[in-house]
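Each of the two complexes below includes subunit A, the first together with subunit B, the second together with subunit C.
On to the complex of A and B.
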């Protein structure tokens, strides 16, 4: 079956989660938080993240019961054949949609930020081809790539946050300190979508080498993005102000632009930041893409996922090119995000309930 | 000698049929089995070797009964003093004296045993009963001794050929470390390793590779440290090699590496006995090839290509500093030109305004785009490097001056390139020479050309894509099942002590765990652990 060296270590598991979560959303995150929660931006980001951590931990808890199976297989065991397969199809739909949305919003942002004269299609196709190359190499290579990029991405985010401290203005930061329950509660679902990506836990558990410490490493994997995102939102509010982050398209880039790089080596730190954001966005998009092909294979009960990569790539591309403008894109993004949350809540609830009832019944007998 | 004739390529068979009937059939005319008759045996050897001017057939008579004997050897591969003093003198002269002194007559079948036990005063002798073995020994420089009455042939070691002495390493100089390097004789190389490690568990095994070249290939490991699975894998991969000739470790490397399409080396090559020995002690396997002054070390990852022996001989802060410089240099060597192209062509705003203005002022009279400019200069540098590689040292220096000073200066004055470009290309070239491993450095130099094209087409996004693709490739590479990018991917905290930072010796109490050594500890931990 799976060779020993192709199994994932605990660190690889965490790295995979982190690199899937930290993705294209980073540069727009403060805007998302500001729009959804207003004064409650900081708290809503943190609480949304905590909810994501809890969800992820529940998924891991569920997955640990079926060590060598993915959601596709154990949902069939728990719910019966047809409902189980339907759930698999729903998850597949989510992964495909998420991949194409990430691809599209990445390309849109990149075109706006760096390559104003390059056709959108070129950016999308080159990105997709690179994802195909990565996905063909399999899950162990994907995990290793996540480990290679992880320090770069995390350190660069911390660098942006750290270097922005000199621009931090306490007065701008004041509003988010005032307690405001209603905006926080309103904002939480939207901000939870910023943490989408932890759904890959549904699928990667059978590839792990050891399942003993899975819960702490899940918390680590989702927790690091939570901390980074909360810091990022906080510092953005402090540097740019609540009003500005709601209006700017890519507040995190503006944040980086305001940095005075020590020594004056580079005038515009934002280009450096965008470079690292490309890495983050790629690894997130490619992970989703691989998970989509893996889901397809598992639904059909096959072993070789490679043909499905070629099959899914055009579908992802067509879905990504469909939205006509930014407004449509934002709507699709939002609802796919809700769909992701909905699916994970539904799945976990349904499966845990079934598990509990089955356990109860077996105890009666 | 067995000459392999199983020719599988049908095309070759056709050409054989068309041409004249094959001539090399001498071994089919003679009976290949050894007999107890010296003359017959000698005829077999002569059938093969008669045409060679360096083959020596010496017939003589032994003792008072004049038993016919013969020596066969290749002149130039044997030490003639040994042949004269320790073989012929004993057989022709001393044995007769012995006979007289002991009043014993040597005759018939006992002659062979007597010769073996009393007359040949050489330490290393063997017996051969097949022509295959015997012929191989003769071709390797041993002396075949035939005695009437025995169908066995005595193989006497009298090897001795002109060889280079142990000299300083050419490509891997060291400031603190030992200054000896391997040379072309396998036995000298194994001796150099034995001198550095006196552990009786160290095993040096040889196999012969090459249908015709019959090259001795040795692999060295320490029983009780090296993973048995790794040893089996090395044996398996070496045995799978079935080619005519094995001239150099480089050929072996290409047969045993995991991914032959990759530009990156997956096997470490060194000419330093100390590097080889310490790698063996870490649980790796070294492969030595006769006639090659290099050793191969498997498994190896990118981390090893950034290490130099001095890192371990100097204090840890200095070693870590040097490692930092090398990793930085490898990034510069691969990515600096493409970043330059991307920034100048697509995003000049990245640079501080004064610098951007200075670069723009420099470039104002340049007729080419940044890409063409970088490409021209990079090609020039590669030409200079390649022209200097094989020139005698005295002329090589001239090339350095002509290339570095004359061409660089003239190119700027002629308006073909800007001074900042010359600076960039020189720094890139120097950075690539910082990397200790020649093959890793050349791989990095090679990948910068596709990266430059990506940068010219897609700007910074192209560079990022190139960076991603290189990283995917590196992450997917393996060397004998060992992940290429350890200790970073997969992250192995225990091995990360000896990575970009080399921790003090006191903390390196384990061998690298990713090599799966049987015996993991390499020092008395009680002294340093609390």
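On to the complex of A and C.
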């Protein structure tokens, strides 16, 4: 069913997860953390990330049991035909919504940051067409592109974090280290939404060469974004202060803006950061788009997903253009994020429970 | 498959080429400096003939929301007159006391409307990314910096390291300065704080970003106060800001003490009386200082210990009779003299800030918030009342490392 050339190596698998997780949210992440958890921003980011790692590991554990199947097929096996398909439809809905939200928030940010006069629709259509082009080529191409972009994305984040250290004032940081636990716990769900994208594990496991080291590579794939995001939130608090990160729309860009090279021979690092961020946003958007089309195909039990890419594109575009302004957009993003978390927790819990009960029954017999 | 790929490529080519946001560099008006004054342009009702029109007549704005509040003056470089262009163009003009920039004043009540109104007088699109300095006049600063600063934060073109300065009204006079060395007064102003490594009496680290963080966190802060002649600008002490409003001025010695106590001292000069000859002087060229502040709570009383250690070189002596040999003992005496001098100076500033202005310019609130969070939580409402009576003890340790070329 799957061509030999469509297989992924372990590193490609990790790169795929990383580039799906690190996306649009990066430039607004400190705001998200500050708003959700206040003084506990750093801790909440880290704990949210750890939860995401655990979720991802559980998904991989499930996937390892059904090596040549995606979630769509094995949920049918485990839950029965109708509930399994329903779950698949729910997942599909989430993927489509997530794709359109990424598309829209990317375009909004790009319009605000760089292209003031370019119509929003043009940015969106360009982005969508490019990701259609990528998604048409299948999982191995996407994985190779992720592998290619990975060092650029990680380095750009590390560069912003590293160069900001000279602006870092630990005093701004001090009360953050002794947070009350309640805001931290309250902030965790919001921050888990920042790590969305690990759901790709539901779908890519059947494409792997070998499934032996799947758990460590899953942890690697989700762990790197966790570390980068935690560092980013930490440095933003240290450089900008808690109050500022809550008020700024794109705190990570402001962070990059504040970087001054010694001697002032280069300024406006934020422009470079935004350029590199476009790569991250693009790869995560394309991956989500691919996941959406793959899910559709699997639900209908077909093999060729390419027509569905063309079918989904207008739907994604229309959903993306619907929110009227930034505030509406932020609300939609939040609730889709919750929905994503809800779906993945529900799926994993349900499937693991069914699996356990089936195992128990077979032991009885 | 192949056909659809070609189709996509062609569409991408059509869409991705060209740019809505293209703007040629010669069409942009690079604003170098902004001066903000309270509104003062008078309104003349009658229409004047063109030869009687003055620049101030253009500066007025017709508005619907009431009276104008501010006068914004921006400085645009006249690129044709800049020395690099005239050198290549063979023109011998420029320099010689002739201004190379254009100051445009516009009145209005909001900055964006003023900017857009200005664009009806300027053929260029105003562009802020190269902004060097914002000068705020005395009366605007006293009315509240926090009131009017929003535009400069919200606008995407603003950078956070733009320098903020305060000057006596009218602030636009500062932009009218025709500097002797630099081309434009705003760049001149931007370069001035670079000497803070050698002269500790200037306020530095006072960019837009830093200041806004202070306003947001509710800290008190200092901005440089500047004064100007026709062709010169001087940073003369600082303007003290409490809760976003200017409440007074600090002289240069105060600024030095504030820099020392806030651990922002990067180098400067300390002068003390000569231990062996009371009419003479000894001078230390300081190359570094480190300050640690420790809040101590005894019962209900707050005590703050400031430990300053400075190191430098014995740079100069004034007075009759040279010292033949700089003995250990003499250097020790000198160190003590320097320490005493700094202590005296800091105590004077602390008293002034506590009693006269009641302004927490040393940002002790930040310190308490971070180091004694429990205590801070109890007293933060009363901090204004408590602060003037807090006992602040300064302990200085100076260390003479080098003695220069002579022994």
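Observations on the structure shown:
Note that the second predicted complex is superposed on the first by the 361 of 365 C-alpha atoms of A that agree within 3 Å, B and C clash if a C-alpha of one lies under 4 Å from a C-alpha of the other, contacts with A are read in each partner's own complex, and residues count from 1 in each chain.
The rule we apply is simple: a residue touches a chain if its C-beta (ideal position, glycine included) is under 8 Å from a C-beta of that chain, and two chains touch if they have at least 3 such contacts.
Everything numeric here is computed off the predicted structure, so don't read it as measured data.
Within the superposed three-chain model, A:147 lies in touch with subunit B and out of touch with subunit C [touch as defined at top].
Of the two partner chains placed by superposition, only subunit B is touched by A:282; subunit C is not. In the superposition on chain A, A:357 makes contact with neither subunit B nor subunit C.
Contacts of A:134 after superposition on the shared chain: subunit B is touched, whereas subunit C is not.
By the touch criterion defined above, A:268 lies against subunit B and subunit C together after alignment on the C-alpha atoms of chain A.
Of the two partner chains placed by the overlay, only subunit C lies in contact with A:112; subunit B stays clear of it.
Contacts of A:11 after superposition: subunit B is touched, whereas subunit C is not reached. Contacts of A:126 after superposition: both subunit B and subunit C are touched. Common to the subunit B-facing and subunit C-facing surfaces of subunit A are residues 114-115, 118, 122, 126, 130, 133, 267-268.
Taken in their complex, subunit A has these residues touching subunit C: 112-119, 122, 125-126, 129-130, 132-133, 136, 171, 174-175, 178, 240-241, 243-244, 247, 254, 257-258, 260, 267-268, 306. Interface of subunit B with subunit A (complex): residues 343, 346-347, 349-353, 356, 458-461, 463-465, 467-469, 471-472, 474-476, 478, 481, 483, 485, 488-491. On subunit C, the positions that touch subunit A within their shared complex are 1, 4-5, 8, 11-12, 15-16, 19-21, 129, 156, 159-161, 209, 212-213, 216-217, 366-367, 369-371, 373.
Here subunit A touches subunit B in the complex through residues 5, 9, 11-12, 15, 110, 114-115, 118, 122-123, 126-127, 130, 133-134, 137, 141, 143-145, 147-149, 151, 264-268, 271-272, 274-275, 278-279, 282, going by the rule given at the top.
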